């Protein structure tokens, strides 16, 4: 199996709005209008989001190193892809994520300490999906996209009875996930049903050690056209381009124009998870190159150009990040661990004879042992 | 039985407008066994949906629909075609309620015509129930007669837990007068003593209940009194009903089409051998498929348990003193 | 789920070489050269193939009606797609078919009576795949394409050690099969490994009762480009176009240019299988329209134009068809059925304690019963 | 043990150039557990292949490679990720030899790190062996120690039948001096009596053998003599070895991590209860996972059988008179 070269960021048809080396936003006929409401204040809030989610991520990595978490999947480098897209959708929309979308969950309003419960090993979820309209981590690669399409089909049905309904479903997944049959089936079902769903691929160049060239020799976005679906490739380290593109795709879905596949080209600057050692499979040079494309620096240069990057602003952002990080750490250390017998709690929603029997034996055994 | 299922599905669609049917060829064609005949015409293509040809896609999207509040009933066209959906069933459907600590329920019913005996080609005569019964988070039931078919399918659809609903396809053409106004008198997960007896208990389910009854009849004519239990639910299993029977008869034969090795009978034999250790007068015997793939139809009668093989096991059990 | 309209035969980019209403072959810069060796005699032999395989098909349907077969999946209407493609590849190539490629098996030289053994219920296979380099029926839709890709990967490896090896793998499947994740995975693995494989889709407009519009709203061939793969749509009722296109794709694979997806647009003129009742889901008009496009008539018109359709030739072809049909019927009626204990014969290739035990019990029981 | 497997794979690659390894991250990275460490560097990217991320694709293409004459060894990265390949394994891999009446062999080995106890997140601690053991046409084996790991992986690769090779991931870090020149002395499908005893037999496999041995040791210190059998092969199961032991001890406890309900223990309990009906002094007891999904790691110790639960079962069995 030959490994094609990794996809290039600078493909001509990649949407980008933040200039790479400072200066103001690029104008784009199609996408700029989607940023009409992004004034200076909003730009600063976006910057804050980027910094805060990176800080949460760093704190979680630290907690893992200290043994407080069993594992952590860092989003370092993917902040713009996640913040931009999360800001491009609405609270009523439903997100089917994978396992790395901590920033999306945070922006959808989850208590950030809940995000860590999963990685600590205290739960398989962390939050109630209906509280923030977002699923908890989906670990089996390729499993969540079909569910998103089904949910979107449900929205379509609801909308037939109530024309005030314009929700959509959004699903996140990685470049590796695009090889799974479930992904293609999801594109097929979405295209043939015209369901209001946005497929958001974070192409961070790697599936653990596998460079994206192992999955595909052409840009992932191209997959869409095979199903007659709209596809857009966007610079995933450009938070504003991601925001605009997501809003565009979401609006298409909302107004009945069907699904869109977005490929956000970004880079996983950290390890796959805290168990991973990326030096075994990638060069220092590559990482160094992508550090020059850091999504936070990228926005910062525009803030600087506009004179918004005042010491005051930057200090306030740092303070906010510190506060959230402290909250996350505190929440983690205060985690109330599940009771042993919780194993039996929610296997079924209705009584089940075997579960009752095993639970009784379990309690008996452990009570017996304690006496 | 196909008609009874059709009536049960119609009733469910009528009772609850969140119920919807999904599957390959279930709409315009009414299903290859006509179980969904006319339902698309009656309820519309939005509620009786002809899907693309992808079982994983069917179950995956149905899970999403369930999360949005719908109650999908998915048809898998034949037993052997459920495996492409295995991941969605075993890693998603079965686990979502536990994963979310009860926050999300997935009231999905998967209808699976199963079993052999209809002279079909490869992959059309499988008995995959043990895979699902071994999977925590799923419920697995199967009907053996039109009455149960009518009642149980409605109960399954009303359940908030995911239910695998196995339909014995060789019994689809069995006829009976089904009272469409009767509410089910038995719980979905209860076994039923079909005929009482005192010498030996035969436990069967789905397609094999009729076989067990025929064997019991023949045994009766030779003076042996067999108690036949229709298991109905394969997960959970109603062991209390089996226990009670074995306490009385002291002998047990379990019959199913699936391979004996790690089939449902293994769990029954294991558990009853434990629970009734001092009541059993003979080892629990199992009659079932061999540890081979389901054979070509010209020799399927040698693979499938039949009345003679059940009688042989009964004799062997009774021979133990 | 909305049903898009069935794809039209007359899409501009569909390759067609036989004119529709008589006349000689159309010239095509790319594809006509692949027919350079097809002289009049060869044209007549192709015609004979079409007639013979239709006749085998009719005989099998008759045998099913008489209770000699349990089931039959007619190829009526798809003769050109199968004969054209089967003639476009070589004996050393390996075919991974679905369950309707009776003509392909016949042309690869299987004893035609063996084809029926499967449908009679006497075996799960019928022939030794290595005898004709073609698998026996694959019933689970979508399962065989990945195997074809793997086989082709094996060829690539072999070819590295022996440069005289230029075999390819060819896989057949229907329009319905394109919805299965396994199909997309196969395209993905083939594209990323550059394996010498030809994907041959017989789009016969239906998957049992489901019109192709349920599977996709764009031509199936388009799927290829999503994976960076070559795709060609061909008039599947035009045996010469199919032949040329198959040779083209096979040559690409043979010379290291990678996989191709061919979509042959055809029509299933009969029922899905002998158990099916197509009047429940399709209009008489549609069938009538496609009857005007009958693949045998289509070639016949060109034979007539060239003066090849002599009474003599037609009679010879009929005689040949009669002979083969008689042979098939005789073979079917003479089928030696498997011994009961054959159930245990080939579960494993090496001894297996449980099989030995069960076989012994089985023999004991049946011997006991016979006494 | 990971090192022993690595050595066994290296040996297999050396011995037979039709052997090739396929899987996610097995090449450059050497596998997430480093079982294939350095093998790509040594044997090249053609024989140690980093595949796209699709388990069904891996097994499906491996079947094709096997049909072309290769002997692929596929790694499934974690137990919980085998289900997308279920259809290819159960409907294809398992059936091809039977389907073709012996014409086609598919000498494929599927390596599956399995089981819990390593503090992992969801889907990384599954014990899916019973699904495959119930499937006719597959062979299922599992190693419990580095010595067996080294020998058994080579035997599995040499087998012309498809073999599911389950590796107990919590034992990957177990160390032992493995004699890399010793040929295996036991057949791949033979169980092994690890320690002899007279009062009760414990059957375990994979990760639970160490647990059973620890329990036996503790029981010995209290004067109870336990015979511990390492099953090694789960399909077929070497019942003769178990029979012989139970004939001697009269008591049997089976231990595994998988759910008890329809787990491997069900078949053992069913069959031994039948075969040793008159020798058994107490019912066969099973110690295993509960009928629940594998729980979050903070409570996994309550799910997993441990020395105490095995001892408890031993006590309960011995208490039966």
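Residue numbering begins at 1 within each chain, and the chains themselves are lettered A, B, C and D in the order written.
The rule is simple: a contact is a pair of C-beta atoms (placed from the backbone, for glycine too) under 8 Å apart; a residue touches a chain by one contact, two chains touch by 3 or more.
Treat the numbers as computed from the prediction; the structure is a model and nothing was measured.
Note on connectivity: the fewest chain-to-chain touch steps from chain A to chain D number 1. Taking the CA centroid of chain C as reference, the farthest chain centroid is that of A.
Chain B and chain D have Cα centroids separated by 30 Å.
In whole angstrom, the spacing between the mean C-alpha positions of chain A and chain B is 41.
Note: centroid distance chain B to chain C, computed from Cα atoms, is 36 Å. Inter-chain centre distance (chain A to chain C, centres taken as mean C-alpha positions): 44 Å.
Counting only residues that touch two or more partner chains, chain C has 1, 123-124, 140, 153, 179-182, 185, 188, 192, 214-215, 347, 354-355.
The residues of chain D that reach two or more other chains are 51-52, 54, 56-57, 80, 83-84, 87, 91, 95, 98-99, 122-123, 136-137, 235, 261, 290-293, listed in rising order. Taken as a contact graph, the chains are fully connected, with every chain touching every other chain.
Those residues of chain A that touch chain B in the shared complex are 94, 96, 123-125, 128-130, 136, 140, 143, 145-155, 157-158, 160, 169, 181-182, 185-186, 188-189, 192, 345-350, 352-355.
Taken in their complex, chain D has these residues touching chain C: 20, 46, 51-52, 54, 56-57, 59-70, 87-88, 91-92, 95, 97-105, 136-137, 139, 159-161, 189, 235-240.
Residues of chain A touching chain C in their complex: 1-2, 4, 153, 178-185, 188, 191-194, 213-218, 222-228. Of all residues in chain C, those touching chain B in their complex are 1, 3, 70-71, 118-124, 137, 139-142, 176-177, 179-182, 207-210, 214-215, 275, 280-281, 337-344, 347, 354-355, 358, 362, 365-366, 369. Looking at the complex, you find that chain D touches chain A at residues 24-25, 27-30, 32, 45, 49-54, 56-57, 80-81, 83-84, 119-124, 261, 290-293, 295-299, 302-303, 308-309, 312.
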